[in-house]
Structure formats: structure tokens, C-alpha cells
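Here chain A shows up in two complexes: once beside chain B, once beside chain C.
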Partner chain A sequence: MSYLLRRLEFFAITLWAALTVNFLLPRLMPGSPAEAMLVRFHGRVSPQTVKAMEIALGVHSDQNIVQQYFEYLGNTFTGNLGVSLTFFPTSVAKVVMLALPWSLGLVGTATIIAFILGTLVGMLAAWRRGGIFDAILPPVLIIISAFPYFWIALFCLLLFSLTLNWFPLGFAYDLTSSINLSWDFIGQVVSHAFLPALTIVITSIGGWILTMRNTMITTLAEDYVKMARAKGLSPLRIMLQYAGRNAILPNLTGFAMSLGFVISGAILVEIVFNYPGLGFMLLQAVNGEDFALMQALFLLITVAVLVAVLIADVLTAWLDPRTREAT
Partner chain B sequence: MRRNRFLAAMAALVVLASACGTSSGGNAQAKVGGTLTIDNESGGLWSCAFNPFNGSVTGLSVGIFYEPLVYDNLLTDKKTNWLASGYEWSPDNKTLTFTARSGVKWSDGQDFSADDVVYTFNLIKQHPELDLQAVWSVLSSVTKSGTDKVVMTFANSAVPYFFPIADQVSIVPQHIWSALKDPVGDSIANPIGTGPFTLGQCTPQNITYTRNANYWQHGLPYLQTVNYPAFTDNDPANQFLAAGQAQWGGQYIPSIDTYYVGKDRAHNHYWFPPIDNIDLWFNTTKAPLDNKAVRQAFAFGVDRNQASQKGESGYEPPGNQTGVLSPTFDSWIDQGAASKYGYKFDVSKATSLLQSAGFTKNSSGVMQDSAGHKLSFNVITIAGYTDWDATLQVVADSLKQAGIQVKVQDLSSNDYFDKLFSGKFDLAYGSLNTQPGPSPYYELRNTMDSATTAAIGQTASGDYGRYKNPAVDALFDQFGATTDSNKQHDLIKQIQAVMLEDVPVVPVTEGVAWYEWSTKDFAGWPTQQDPYAAPAPWNLPDMEVVLIHLYKTS
Partner chain C sequence: MIGTRPILEVKDLVVEYGSADGPVRAVDRVSLEVAPGEFLGIVGESGCGKSTLLFAIARLLSPPAEIVSGEVRFEGSDMVTLDEEELRAIRWRRYSVVMQSAMNALNPVLTIGAQLKDAILAHEEMSSRKLRARSQEVLRLVGIDPIHLDSFPHQLSGGMRQRSMIAMALVFEPELVIMDEPTSALDVVAQRSLMLQIKELQRKIGFAAIFVTHDMSLVSHFSDRLAVMYAGQVMEIGSTRKVFADPKHPYSVGLMASFPSIRGPLQPLTGIPGSPPDLAHPPGGCRFHPRCPRVMTQCRTIEPPFYERDDVQIRCLLYADGA
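Up next is the complex of A and B:
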């Protein structure tokens, strides 16, 4: 119990620190948001327009930075995230909701698939180390993971979408569709997400395999595994309950972290497949000095990572009794 | 034949007859239909806001929903009455009277009237944040006169402001907008306009525009549906276009002949008409850049042809020292004066100019004056604009031969614009950030007229180099006071003479309107032979004019 309390304490302090950094960082950047908008239009708007925008956006605020800080803290806890500058006059919450479901769906699913597959492959490879399975699959997948993501994604796009026409060219669903809950629409979403998800899985799976396989091999040499074999337990039970359960701990922490980062989207995926997601939005917010949007996104990412780590801590405590006793 | 179509814009049937002459014949209804897809990198998802006075979303509503009073072709300065059925300048050019067109309806069925025009202009007066063209910097009043006249008065003669006022201000419906609590912050999710299309559906990744069957130009538009997908980056947008899934493109495509045209040689085309200059700006307040001879040496020392070829793959043509775009505004160029100065890449001419100004080459080949001040400058540019970096490499290499050292400084865009507008630079590379206009006046004025500049440290709307010449300022004022085309041409000639003599900037290349189109399923496109509108989907309100010309052929 005190272990969990300590984790919660840590969570609160980190959250506050993150919130403060989140407030300060964007304000240390040079330039003004309205000027940044010029970039988006490649110089198609005039300084008069910029001036008009500055007034509209209220960026010439007279508040001092301390007032702004407390207002920011208050707004954060009441969920009032302000108005986006890049998407003026749309509220930040609405802008984030445009992209959040797609990021969660695509990157989240792909991360989970990569983790489960990678862990299983790593476990099996270690269980039968030196076998054909171990000799081929892990090295091949690890080598593929080392390829630059851009290359793999463009290659898949050129081959499967442009040449073979198996999958659509970009977007999250057919252009003229609106979001609804019909089977037809779900089918569209799946076929649009397939290639991006596939490329995320094959480029990230190597890491899971490597960690799992290595930890598993060490674990298999432990006395309690030998003991289990001596007791005549079924190999499946030994692999999953004795070796696997212990070997998965490092991977689990890594998984929690990467689940947290799902929120930040995957910029390269979104660019190559023109997929609506938070990664590109974050880039845009930074380029456009969109403080409100930037802060909301950083906040989301921070909170998601912290929560994911907290959950991983709880899970670790549950899987590994030693962490509980250590307190 | 098509070139004259616009004279007949009011009589759509006449337009139709002439257009049909080239195809199959038939009537208006026969050609209605088809779905066109626009392909233009927007850099973000759509937020489905359609406020024509919100600078970040104008491209989605101006023209297509909200129309101008007079359409003024950016490339040819040909004026076509639009929501105004006529206009007239007073003899002193201080009063401009528009006649509101009758028979125009808003897309909710209400009648358009002069009241809407008066309301719109007073709305942007009341809310300066909506006045994107700063038209109230010259307007004194906008009032209604009689039943259908709108009278605009100016403090001074303001003939060139016709373009921003008549072509660039979108007219909105008074009966809708006067009920809005906050016209600045309202996203206008359900736009009501007079334009040729109405909003079909908007999702974050695509906007569907639907044909307005009651459009005042009867029989138009031909297209039933227009899709406008949101592309966050150039690459996917280019793939989409090359795969034939979109028909109208508006962005840079590398190796366009193989990548785009090569995919379908019979149907895929491109045309990049120049619309502004990309200049090397001098900070004319700093020695030795305040010395005319040094600036002239730059004009001889920059290899513009190589800059265009190597930096911009030849898609953006080299600039010329008159500052007048070629070929767009060829009729304005004073060829005699241009050849008298004969600015071309000429190292020995640049060197001799510098030598007669008292500079000598030091041991490392850099020119310096008697006090030992070297001709060594930083040029600011935007990090990530790789074509500009390549261009500046050519500029630096060619100037080095004349003994001028130029170091490229890549800045973040915010930092760059801040320094550019406030004049905190030696040399800057870039174009004006003001709207180009339908004659060379607009760009030249914003480049040279000291009325557009500001003190160092303050934001200037033009003349970033802080060039000051009362004689040239007076020429711009005279241009503003005349509607006589001959006189205007004469004044631009005199201004070119100053440009050639004083070299306030060196136009290195010409920025273009990126425009790609496919004739596979649609016809009626603007072309070099028939430039009835500026052709990029982001040229506003020209986009509307292109859309009502397009029709399906298969």
C-alpha cells in the first residue's frame, strides 16, 4: 500500500513540474503567433492581415506572466483549454477531438499488436532457441525494424496503393463519406488504416522481440524454471506462467511508456499516408506558435505517459511480489 | 475565342453557346454534372469554419460562397462586373460608385441588395480585425444612395485601391451577419452566400461543395460537386494528383515532367505564371549598402539564370531588374531602359563598379574599402525552404567572383519575418508578403514607396529595405490619382528607371502560381493562351471563376 502511495506522490509532483514546464516552454520561443501564421500561407497574407489577426487572437495581452500562469493552471483543471490560433476560432478541445480518435485508433491498435506479437515471438524464439524459428524470424524482423520508417512506408504505399491498387491512397476513410456507424464505413476505416498500421507494426516489432527474447533466455536459466521442469509441469505452463511472467516485466514498462506516447501520434505515418492525427497537429501547433493547442497536446501527452507509467507500476506490483515486499 | 467569354459573363447563355461550339453542342443541362477534386496542400485538417474575413480559412469560402463586387483578373487586369452591375469613378477619382446587381439571391432565397454591400464594408470598418486588406486605411465612408447605388468616398485619389476593394472584399448577407453576436469569433459553420456553390458536407479531411442551382449566372456552374480534401503535406498531395484522383493541383511538384505529366502525357498539363518577385533585399540604411554603386554591383554579380535553373529547377523564371514581372506584365516593361542598363551576370562589370566606388580586393579575394571594411554580409532566409537555400548558394557563389562575400543565415520562420518586417538584417531573401495585384504598381509600390515602410525596429508593411526616395514616392501618388492607362504606363516607366538606377532590391527569381490540371474528364481550364483567371486553387477569388468555367467532357 505504501508503495502505491509513494507512486501517487511521485505522480502528483511530476504532473505539477510538467505543467509548469509546459507553460514556460512555448513562451521562450521567438516571434509572434500571427507572424507564424504567415508560414502556413507561404506568404499569401499581408502584414495588414497579420495585424488584423493579432487583434482577433488577442495575442497582445497586457497580463503579466504570473497572472497568465495562474490562469493557465486554473483553466487546465477546469478543462477550459482555450481557442486554437491556427484553427481560429475553433476551440482547442474541438480541434484535438478532430484528430485524437484517429491517433488512438491507429497508433494504439498498432502498438498493442506490435507488443503482443513481438512478445510472443520473442518468448517462443527463446523457448526454442537455436531452432529454425529462432534463426529466421527474430533476425529478419529486427533488421526490418532498423530500416528508416519513411522508406518502408513509402515503399508499401507505392507497391500496394499506387501500383497494385489494393489499398486507398491516404486519408482515414473515403473522401466523400461522413463519420457514421455503418459496416460500410467501418470497412473503409479498416482498409484505410491497414497499411499505416502494418508499417508501424513491422518497424516497431523488432524492439519487443529483442528485449523479450533476451530476458526470457536469462529467465529460463533460473533455478525456479529448472524446478518446474523437475516437477514435470507442462511445457506450456512453464513457458507462460514461470518464465514468461517474469521475463515480461521490462517489456511491460516499455509498453506502458509507448502507450502513453500513442497520444503524440506518429508524425511520419500521418505525413506519408495523409492520415489525420495528433502528431502532425502538434508539429503544426509548434510551427504556428499556437500556445493553446501546443499546451493542450503536451498536457495530454504528459498525463497519458504519467498515467500509463502509474498503471505499469501497479501491474508490476501485481506480477512481481518482490516490488511489494521491498517497501 | 474563349478569351472574350468574360464580356458575356452576365449572359451565361451566350457564354454557353460559344463554349459549346468547341464541343458537342447541346444545352446547359447537358453539361451539368461531374465531380471535380481539388488537390492543394493546406498544411492541416479542415476546421469547417467559413468566415471569409478570417485569414486562416479564406481559401475555403471566398469566391465559392462569398463573391466580390467586380472580378479583376490578377494576370491581365481585365475587370468583369460581378455582384456590381457597374461602377464609376468621379472626375477627381475620390468617389467610387457601384451599382448593386439586381436579380441576385443569397443561397437561402433572400434578395441581394446594395444594403448588403454597405453593411459588409461598415462591418469591416467596425471590426478592423476583419479588414484583411486594410481598405479602411484609404476609405472615408461607404453609404447607400438611391435604391441600388453604393457610394464610397476617399480622402485622396485611390484608383489602385479598386482592386482590394472591388475584387478582394467578399460581400456577406446583412440579414445573417447582423444577427451574429461575434462576427470575428464566429466560425460560420453554415455559410450563406451568393456564390456558385453551397456547402454540401464538411469533415476534417474533406469539404464537399454542391452546385447552387439558383446561381445568378443562370446555367452555371456546370460542375455538380467539388471535393476539397485536406492534405497536410506536399508528398501525399502530389501522389493523389499523379494517380489521377484529383484534377486540379496547386503546389510544387519535383521533376514534374516525369512525375506528373509522364503519368498521362495526353491529359496532364502544368502552367506556372509568375505572380511576384523573389528579391534580394538590401538594408539601405546600412553602409555600404546605402551606396548605389554597391547595389548596382550586386545586380551585375548575381547569376539569375543559374539561380532559376539550379535553385528552382527552372520552374520559377529569373527575375529582371525592372521589377516588372515577365511575361505576366510584359506590356509594362520599358525594354529600352532595361537594355540601356543591360543588367545581366557580368563579373567584370560588377568588379569595375566596385573599384570605381573605392573598393579593392584583399588577399583573400574579398572587396574592401580604404578603411578595411569588407563587403561581407549575412543574408537571412527561412530554414526549410530548400529551394531558397539552393538559390542562395548560386547567389553567394556568383557574387564571390565579384569579391562580395555572402553568408546564408537560415532562421526559423517567426524569427525571419520578425527581422524582415522590422528591418534587422543586412541582406534578406524573400518576396513581399502583401497581396500582389493586377498590375506592376502593387508590387513596385510595396517595394519602393516609403509610405509603406517604417523606422528600423518597427513593423513595415512593405519596403523592408527602408529605401527612401521622395521623387519615386510622388510617382506612386500620381499613379494613384489617374485612371488613364497611358499615363499609368508612363508612370510605371519612370518608376522602372529608378529601379534600374537605384537598385533598391535585386529581383532574383519570379514566384509563380503553381497550377496543374488534367483534361481527362474536364475542360474549360485557364491556360497560357487563355488566361481568363489566375489559375492556382489558392488564387482568390479567381478560384470561383475557374470553377464556373469547368465542365465534364466524358
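Up next is the complex of A and C:
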């Protein structure tokens, strides 16, 4: 238990540090969001309007930095992340909440599938080291992983959408329907998500195969695996409970990190497939110099990585009894 | 105590490790027998092939090590020809293994109880109540509080880990227990108490044991028979008492002179000059000749067969034609 408490402590401290950096960075840059907005109106605005805009955008140039800092912390924790310039006057929180489920659903699921499949393939490849399975599958998938995301994505679109017409071209659902909870709509979501998910899975699976195969080979040489054979256990049990369970431990942190980057990591895929996720939104925020939205997205990415690492710590504690107690 | 028909007969066993520059012969034509209830000690320097021999007998070698030829007859069947499925049926039930370092030989992510349960359920259907009772019983047998069934290996001391591994090895009361330096990770006091316990359990349960060690003084008190290995070959084999009282092979003599005796006059330790040969290119003739203090010209060319003296087998030309 004290292990988890310590991890929570660490989580709180890093979260605070991330928030602070996120606060300081934009203030180190010249200009303000209001000035950025002024440029859009070609400067033909009165000082009163500038003041009004500053207030609307949450910039209080008359406050000192400490006051601003505490107001920022308060606003962040209450979900008041400001107003988006790109989608003016919608609040940033609302904009992000619209895109978040799509990214989580698509990239999250695809990353989990890639990790599970990659780990299983790596485990089997190491178990039958030198066999046909080991000789063919890992090298092929690792080579495919070296291809760029967008190239695979374009190739999938060309083959499965344009030529074979098996899957829709882009977006998260048919543009003619609205979001609802019918089977028809869920079917649409799945068929729209299939190609982008496939792209993510085949480009990231190679890494998981490689790391799992390597740690598994090291683990298979351990005495407790030999001991398990001596005990006459079934090969499946030896592979899963004795070798696999120990081999997977070092990979969990890497998995957590990649889960954390789910939010930012699939920008290219989301752009190619026109998928309304956070990556696509980040691109729009950058193009529109939408600082509030960018800041919120960066914060979200940081928090997501931190939460994911925390989850990995919990998983590790569950799988590895040695980490459970403080020593 | 020692029966007439051996339960284990090893005949001309050869084990090689594949390597880039040709096979390395780690075990070279080793033959030995173990009678029911007998305690056979195997001693030798590090790298003499004693652990490889043990794992070959237990059929636990993994590549690049491989049994090239020879027989391992255990209770009538030749273990060398059994496939993995057939081996699984007799493993742990008929013979079990205790490894060198219990820290590495116990799965760090499973409790002692879970690992014991795995071993039991691999061979026998058992209700969970009976299983629990049986597990508690074997832990008590080695003097560990059954509360530790729920402990993970890292929560136990080295001695407790080693004893719980022995408990695991005895759960089916096998005919043969193969032990690879079971005490080497422990301090001298713990070593002795563990050995006494193994000996007592052996008396109680009646299993035969093969026991590999580099610790001559340890094995001298506990084994019935002793095999001295050098460079993959057995150099001398006979009753422990006789080998100890009057070691015949110059290598055995050297080994005996390498550790101090607690009683008796103070003598300088001599040891054996030189180091064991490279098994990829063993010396011709007798393998010990480059280090042998009593080397003769024919030792360089003739590989000695076994000669018998006083019920002890010695692979040394000094004992040829009754010299």
C-alpha cells in the first residue's frame, strides 16, 4: 500500500510541476492572446475593445504574476481553460471534450490491441526461438513498423477504400447521421475507425514484438523456468505464468508511456483519415494560433502521460509482489 | 539400506555444447549407478561438468547443450529416448530437482503456496482442501511455518527459500532427488543444518539422492558414495569413507589437500597448481596429466580406463597391472 502512496505523491508533484511550466511558457513568449486576436482584425480596434478582449480571454495585465498563477491553478482545476480562438466563442474545455472521446476510442483501443498482440507474438517467437514462426513474423512486422504512419495510412485508403470500397474514406461516422446510441451508428463508428486503427496497429506492433521477444529470451534462461520444466508443468503454464509474466514487467512502463501519448501520438493518422480527434484539433489550433487550445492540449498530453504511468505502477504492483512493499 | 538393483544407471553419457569452433564436450563417457536410498556425492572444480551431468540426467538441458550418446536408465526406461510428454509424466513424481540458488529457482511473482500447488496439480487432481493440507504438511516437514505458503520468495531468508524448495521436491515422495549445490548460497552454519535436515528426511522418506558440490568437507559427512569429476570425466568413484580415508587418484589427493581439516595436525594447504583444461581442446591421454604431480610418460598418450582397487574405481595409469 505504501508503494502506491509513494507513487501518488510522485504523481501529485509532477502534475504540479507540469502545470507550473505550462503556466510560465506562454508568459515567456512576447505578445498576448489579445494581441494575436488583434492581428486578425488588422489592428482596427479601440483600446477599450482590447481591454474587453483581454478580460474575455482571461488576461489580466494589471495583476502581478503570483496572482495570475493562483488564478490559473484555480481555473485549471475547475475546468475553466479559456475560450478557443478557432472555435470562438466556444470554451476550450467544451472543444476538447468533443474531440477527446474519438482519440481515446481510436488510438487507445489500437494501442492496447497492438500491445497485446505484439506481446503475444513476441512471447511465442521467443518460446519457439528459431522456429518458422520466429523466423518470419517478427522480422516482417518490424520492417513494416519502420514505414511512416501516413504512408501506410494513404496506402490503406487507396487499397481498402478507393479500390476495394470495403471501408469509408474518412471521418468518424457517416456525415449524414448524428451521434446516437443505435446499433447502426455503432457499426458506422467501427467501420470508420477500422482503417486508422489498422494503421496504428501495424506500425506500432513491431516495437512490442521486439521488446517482448528480447525480455522473454532472457527470462527463459532463468532457473525458475528450468525448475518449472523439472516440475513437469504444462508448456502453456510455463510460458504464461513462469516466463511470460516475469518478462512482461519491464515492458509495462513503456506501454503506459505510449498510452499517455495516445492523445498526441496519432496526429498524422487523424489528419490523413480526417478523424475528428485531438491530433486533428491540435493541428487546427497551431494553424489558427489558438494559444488557449494549444495550452489545454499540451496540458492534457502531460496529464495523460502521468495518469498512464500511474496506471502502469498499479499494474506492476499487481503483477510483481516485490514492488508492493516499501523496503 | 542400499538395495541390490540400482534405480538409476548412467552408461557412457556424453553431453556436448555446440559452439562456433566445434562442440565442447562437457560430460565425457560418464557411467555411474545409484541404488535405492543411496546418497551419491559428485565433487569437482567449477566447470568440470558436474552440473551439466545432473541436468543431463534430469533431461533439463537446454540448447546449445545436448546429450550426444549414452543411456540414463531410470526405473527401467531410458530417459534419453523419452520425449517431453513422456518425461512430464514422471517428472517430480518419480524424481525431482533442487537447484543451486533458490532465489532464482523460485518464481518471484508467485507465492510459495502457488508454486507448490502448480507442481501438485500438474500430476494429480486434488481438492483445494486436501491440497492446502498437503502443502502445509510438506512445509512443516522442512521446519517452515505453513503461514509462509502465502509468502513470496523475496519475503523469505535464503535458508528458508532453500528449504521450501526441498519441501517442494519432496511433495510426491519421489524415488530420486537430484540436487545441484543446494547449500552453496548459504553460510556454513545454515549449510550444516540444511544438510542434517536433508539427511533426516532421506532416512524418513527413503529417497535416493545425487548431490553435486564443490565442497568436499560437506559431502564427506553425508554421502554414501562419492564420484570425483575432472574435465568432464569421472576420475574416481567409490564409497565416501574409502575415498576420503585413502584418496587414490592424484586429483582426488589434490582436492583433499585443498581444504583444512578441523581436527588433526595443522598442515599447509597445497591445492592443485594450474587450472582446469579448455574442454573444447582437452589434453590428450589422461586429462589431468598437465597438472598431475605424479605424471608419467605414458599419461600423455594413453587415456586411462578404470582400474579397481579395494572396491574403488580409479581412472589412473598408476593403478594399471597391480602396480
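Note that the second predicted complex is superposed on the first by the 277 of 327 C-alpha atoms of A that agree within 3 Å, B and C clash if a C-alpha of one lies under 4 Å from a C-alpha of the other, contacts with A are read in each partner's own complex, and residues count from 1 in each chain.
Basically, a contact is a pair of C-beta atoms (placed from the backbone, for glycine too) under 8 Å apart; a residue touches a chain by one contact, two chains touch by 3 or more.
Quick caveat, the model's predicted, so the values are computed rather than measured.
Judged by the touch definition given at the top, the superposed model places A:A99 against chain B, while chain C stays out of reach. Using the contact criterion defined above for the overlaid structures, shared-chain residue A:F88 touches chain B, although it does not reach chain C. In the overlay built on the shared chain, the residue A:L162 is in contact with chain B alone; chain C does not reach it.
When the shared chain is aligned, chain B comes close enough to touch A:E270, but chain C does not. If you count the residues of chain A touched by chain B and by chain C, you find the higher number for B. Of the two partner chains placed around the shared chain by superposition, chain B is the only one that A:L175 touches, whereas chain C remains out of contact.
Chain B contributes residues 37, 43-45, 47, 49, 51, 54-56, 128-134, 137, 184-187, 201, 203-206, 208, 227, 229-233, 235-237, 239-240, 243, 245, 382, 412-415, 417-418, 421, 430-435, 459-461, 538 to its touches with chain A in the complex.
Against chain B, the residues of chain A that register as touching in their complex are 29-32, 35-41, 43-53, 55-56, 83-84, 86-90, 94-95, 98-99, 157, 162, 169-173, 175-179, 270-274, 276, 280-281, 284, 287, 289.
The part of chain A that touches chain C in the complex is made up of residues 221-224, 226-235, 237, 241-242, 245-246, 249, 319-322.
For chain C in complex with chain A, the touching residues are 55, 58, 60, 62, 84, 87-93, 96-97, 99-101, 104-111, 118-119, 122-123, 152, 154, 168.
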